[in-house]
Amino acid sequence: MGAEEQNIKEFKLKPMKCELNFLSKSDGSAILSQGETVALASVNGPLDVKMQSQSIEKSTLEVLFCSKGGKPSVGDRYKENIIRQTCETAILSSLYPRTAITITIQELEDYGGFLSCCLNTACLALVNSGVAMRHVFAAVSCALDDRGNILLEPTQQQLETARATMNFVFDSRQKSLVTSFTEGAFSEDTYKEALARCRSASDLVFSFYRDIVTKYSKVIG
Amino acid sequence: MKVEVDDVVLPGDFSEEIDTAGEKGKVILGPGLRKEIDKVYITKAGVLRKRAPNTFWVDSYQKRYVPSRGENVIGFVVQKSGDIFRVDVGSSCPATLSYLSFENATKKNRPEVQVGDVLYAKMLVASKDMEPEIVCVDSHGKKGRLGVLNEGFVFKCSLNLVRKILNPSCPLLESIKNEWPFELAAGMNGRIWIKANTMRETIAVGNAILASEYLSDDEIKNMCTNIASILAGHVS
Amino acid sequence: MAEIYKLIHPLKYFNDYISRNIRPDGRKFTEQRNIKLNVNSLKTADASAVVKCGNTTIVCGIKLELATPKAEEPNQGFLVTNVELPALCSSKYKPGPPSDHAQVTNCLVSDIIVNSKSVDLKDLCIVPDKLAWVLYCDMVCLDNDGSLVDACIIALMASLKTLSLPSVTYDCETEEITVDENNKTPLKVHGMPVATSFAVYKALESDMLLMDPSTYEEDMCGGIGANFVVCCNNGLLCGTQKFGGSNPSTECQEEALKMAKHRVKLVEQVIEKCIKNNEIAMSR
């Protein structure tokens, strides 16, 4: 327990590892592991699009989520919706009218905090693809254990016993809240505290993004 | 986050240097920068660059081509319809090419272009709201180096690699052109056409280009001499 | 004239209203639309409710069925929600399989019900591992004019509150089931989750919160599904959802939480009054 309590104080997140350009054929791709949770995302676009889903003033964003089992479910639609709405705010879609940008996300390993891992992977893949973006975004998850403590980036064990889980996505400009989704019941004060903690923890994700970009930007120039 | 020139930047960052330069005079914003109301924001991840006096851009990684005016591109003819050819240049929709935009082309004297041909052309119209249009002549009606590319070999690469090998300071082409003769056309859309005397030499050029993507200048020079010695060893 | 202006300058038209502190339909920013509720409207369903929040109309019907519980949770029944957005409710939807939006709304509604723990699934179990109730809660939208989740939750909660389960006897040896329709016990509903949607409008200076937005307002504030939905239950939050759209500031969020809490009382009153009126009418 000692280590966990330290985690809370030091805003430590699970160790993140990432490889950009993981797939050779897509326009942008990223594989990201946060602890044991792993997701793979690929971005294609701007591409040609069918007349019916074409928008004359902005590009259409399509998100496809593939779970490990491979069978589509209502839950997948929900995840796709979260990812799409979040990415839509980040992409400068008005620069690519009458086109489509597709994001495909493949679940590889889910050991807790999977959806926030997906969101971060999607962001890295977008960064890699060179699509113009308003800002980058970072997703942080936290859980409320039965004693009322807030745990950042809970493990699967912690999630099973948690009273509530909360997920927040912040933008990189003002760190304002882009997306939030929660499970379970909690008080208003807990919500505010969790929000504040995740907000400060999002700095770590952003600096991780910067490190990743630093690594490969030295050689491309 | 606030950044300086030559820093690694992420979308959403801003640089005060650009803003203050903008107050004093005109500033030229290149790719990866965008003005929003009163501030300039970065839209692509990469490295912020500046060329005196006041041109700014972001060196970023990209594979998908987004047309931009005046760039030379390599395209494949995919359709012939009436007065125009449709050419795939790798952008979201195919570019159009009028049969009159070839050297000495008239209504009577049509250029000989077939579906499947590879073209080296210049981007004439590139707007986000319109179909891109390419031409195979310059403003004097001369074809220069543009036109159909016969024979040879085309391969794809990232847009950065094309920019890198075309950069005058890059030693790659300088080194290999002394080793054996070949022709090369680099399209800014991430396609490179090469033609050498033998298949082996063609592949050697292609591999040298692809391998140089993540190498420094010195490493490139080393690699070129290596390839040349291997090639020479087998040929002789 | 105003109609043409709205077509030519949709953003400016909307902004002109907002900058004068009023919404295009004449409401104040924090004003909700009138709620009209009627329970037990469908005679074929075991419990039902029709709710109108402004123009948004939702019909909810609950059908009871018996089933064997899942092997993993032998002492729990089932509560299955389904939100339908037929082509009739808005020109945005096409006939055919459920649209993405319908699936997402359904997810939100069922999450809120599960998270609020307002129905204990153990209450639905009759004989562990053998027999349990299944509550099929179907919500059909007749007219979609924004704030769908709010209306769905009101309709669903009102129906659940009026639902009573017939007593069932199960003979373990013969596996015979007898349902006594005359002897009904009301379903225990713990708490009363109330969802409140806010559209976040990013004005130049500050963010604006529009309570209970209409479809038009949703469109102007980040499109379908970009609402900030706050759900309160017994003073606790049981879900805050926000997917993309404009970003509310911290002050805005606090204000939203406050307003959502305030609205809970109002909605509770509406539902309770409606159920009471219905009971009086039934007893006559």
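As written, the chain order gives the labels A, B and C, with residue 1 at the start of each chain.
Operating definition for what follows: a contact is a pair of C-beta atoms (placed from the backbone, for glycine too) under 8 Å apart; a residue touches a chain by one contact, two chains touch by 3 or more.
What you see is a predicted model; the values in this text were computed from it and never measured.
If each chain is drawn as a node and touching chains are joined, the picture is a simple open line.
Central chain by Cα centroid: A, whose mean Cα position is closest to the mean of all protein Cα atoms. Relative to subunit C, the chain whose mean Cα position lies farthest away is B. Separating the centre of subunit A from that of subunit B, both taken as means of CA atoms, is a distance of 32 Å.
A separation of 28 Å divides the Cα centre of subunit A from that of subunit C. Rounded to a whole number, the gap between the C-alpha centres of subunit B and subunit C is 54 angstrom. Residue positions of subunit C touching 2 or more other chains: none. For subunit A, residues that reach two or more other chains under the stated contact definition are 171. Only residues 21, 27-28, 44-49, 90, 92, 95-99, 127-130, 132-136, 171-173, 206, 209-210, 213-214, 216-217, 219-221 of subunit A touch subunit B when the two sit together in their complex. Contact residues of subunit A toward subunit C in the complex are 74-75, 77-78, 80-82, 84-89, 164, 171, 174, 176-188, 191-192, 195. Residues 100, 103-104, 106-107, 111, 115-117, 222-223, 225-226, 233, 235-250, 253-254, 257, 261 of subunit C are the ones touching subunit A in the complex.
Note for the complex: subunit B touches subunit A at residues 1, 8-13, 32, 34, 41, 43-47, 49, 59-64, 66, 91-93, 128-129, 159-160, 164, 213-216.
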